[in-house]
């Protein structure tokens, strides 16, 4: 399946991602070149204007990027990310699906779509990774 | 000075940004079109590979963007962000300085430079905001 | 179909896009929220290292973005674009397919995939537009 | 000074960038980690709505990126670019100044500011390069 032989092994390894896991993010699915992560929105994800903080949405996308890319090559680090915030979200669950768009010798690109439970687009995250 | 008449008033308002403040981010300086925010790195900001999670760095940049832009027009929301991760950081303090690059009728652009205590570039964050 | 009642009308209007059309770009398909543009690579698209200049690839993507978005609302202007260059290309035809990802009151987001004749990814272009 | 021992040598080499030079772009200054390129706006740079086509502005930025980065390491190719269009421009001269933000072993980041003759910001271009 990649560097992680099972979903459980990946979950165990990514417990070390304190920022993502302490903030409520979990790995739901993992296969080669693709993964799904999610978080249940709570009041700790809020910003001062009453929406979800952009950093929380980004972190979910970045976590999915990290899981999918480090499954292919570990360690892979994000070099550049572009994110479009498409629609506000206030409660329920956010689901991030990362798909490998390019897997080169030294670099990679993953597209991460972040949607709500009604499958509406919340954000799109495009990450360029560098393979150390 | 803008929508916030003092640094204290801005700090009080942005206590409502639970994601940024619970994760250790604070406002240090605020003036029209510019602000400085910071965070002391701790083990809760780590990723699984032992570095600072990209989401923590992004959140610091996004917080500085939010403070500076909402001082000019409230509410302003991020529409698009591009971030370059320039150098790893592992401990000490990160400082984000947001500067207004464009302040249009409906949209705005802020450049946020994130540096460590030695003034080395850690990341650059470019945020496009929409004025609601 | 949108602001343009036919492919011919759109082609006529976009003759005014001298930069795209003088550089060989043509509209192939147009429907609401989607269009396809293309260019045949020639020596005038080259850079100094013998590949296709990034500006030529970007221009093809930007042209597809302009055609699709101005079909929905005219004038729409690009505010921000992120582009990932995924693979080199040297000859043949490049095809750009623009698809509307978000169509808001004042702003819009289009994803433009640029591929070669073998359907291989050459670049992905994400454009945020503002509706004037 | 880098891979090019003089401005003349760089200009000679970049005659091979047909897309940039045929479209009117020239190198004005070059030093290690920085260069300035420019173009005089003419009717061939226009889009269908009467402004300068985004592709022309991008191409000027990409040309400055290419000249500055290939002076340090040849060949360097753009992997990812983010561009913010800050203000319209219709005539006169556009000046792009590229400055190296990061020069790593395998990758680099250049910030390119594009301004008009009155020194007003027209666009900012952030390019991530890969050193082949």
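Note that the chains are named A, B, C and D in the order they appear, and that numbering of residues resets to 1 at the start of each chain.
The rule is short, and it goes like this: a contact is a pair of C-beta atoms (placed from the backbone, for glycine too) under 8 Å apart; a residue touches a chain by one contact, two chains touch by 3 or more.
As the structure is a prediction and not an experimental result, all values here were calculated from the model.
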Between B-D and B-C, the pair with more C-beta contacts: B-D
Chain whose Cα centroid lies at the greatest distance from that of chain B: C
For chain B paired with chain C, centre-to-centre distance based on mean C-alpha positions, whole Å: 33
Cα-centroid distance, chain C relative to chain D, in whole angstrom: 21
Geometric centre distance via CA averages, chain D-chain B, whole Å: 29
Interface hub residues of chain D, defined as touching at least two other chains: 79-80, 82, 84, 128
Footprint of chain B on chain A - complex, ascending: 13-20, 22-23, 43-56, 58-60, 62-63, 66, 70, 74-75, 77-85, 88
Chain C-facing residues of chain B, complex: 79-80, 82, 106-107, 128, 130
Chain B-facing residues of chain D, complex: 82, 84, 86-87, 101-102, 109, 111, 121, 124, 126, 128
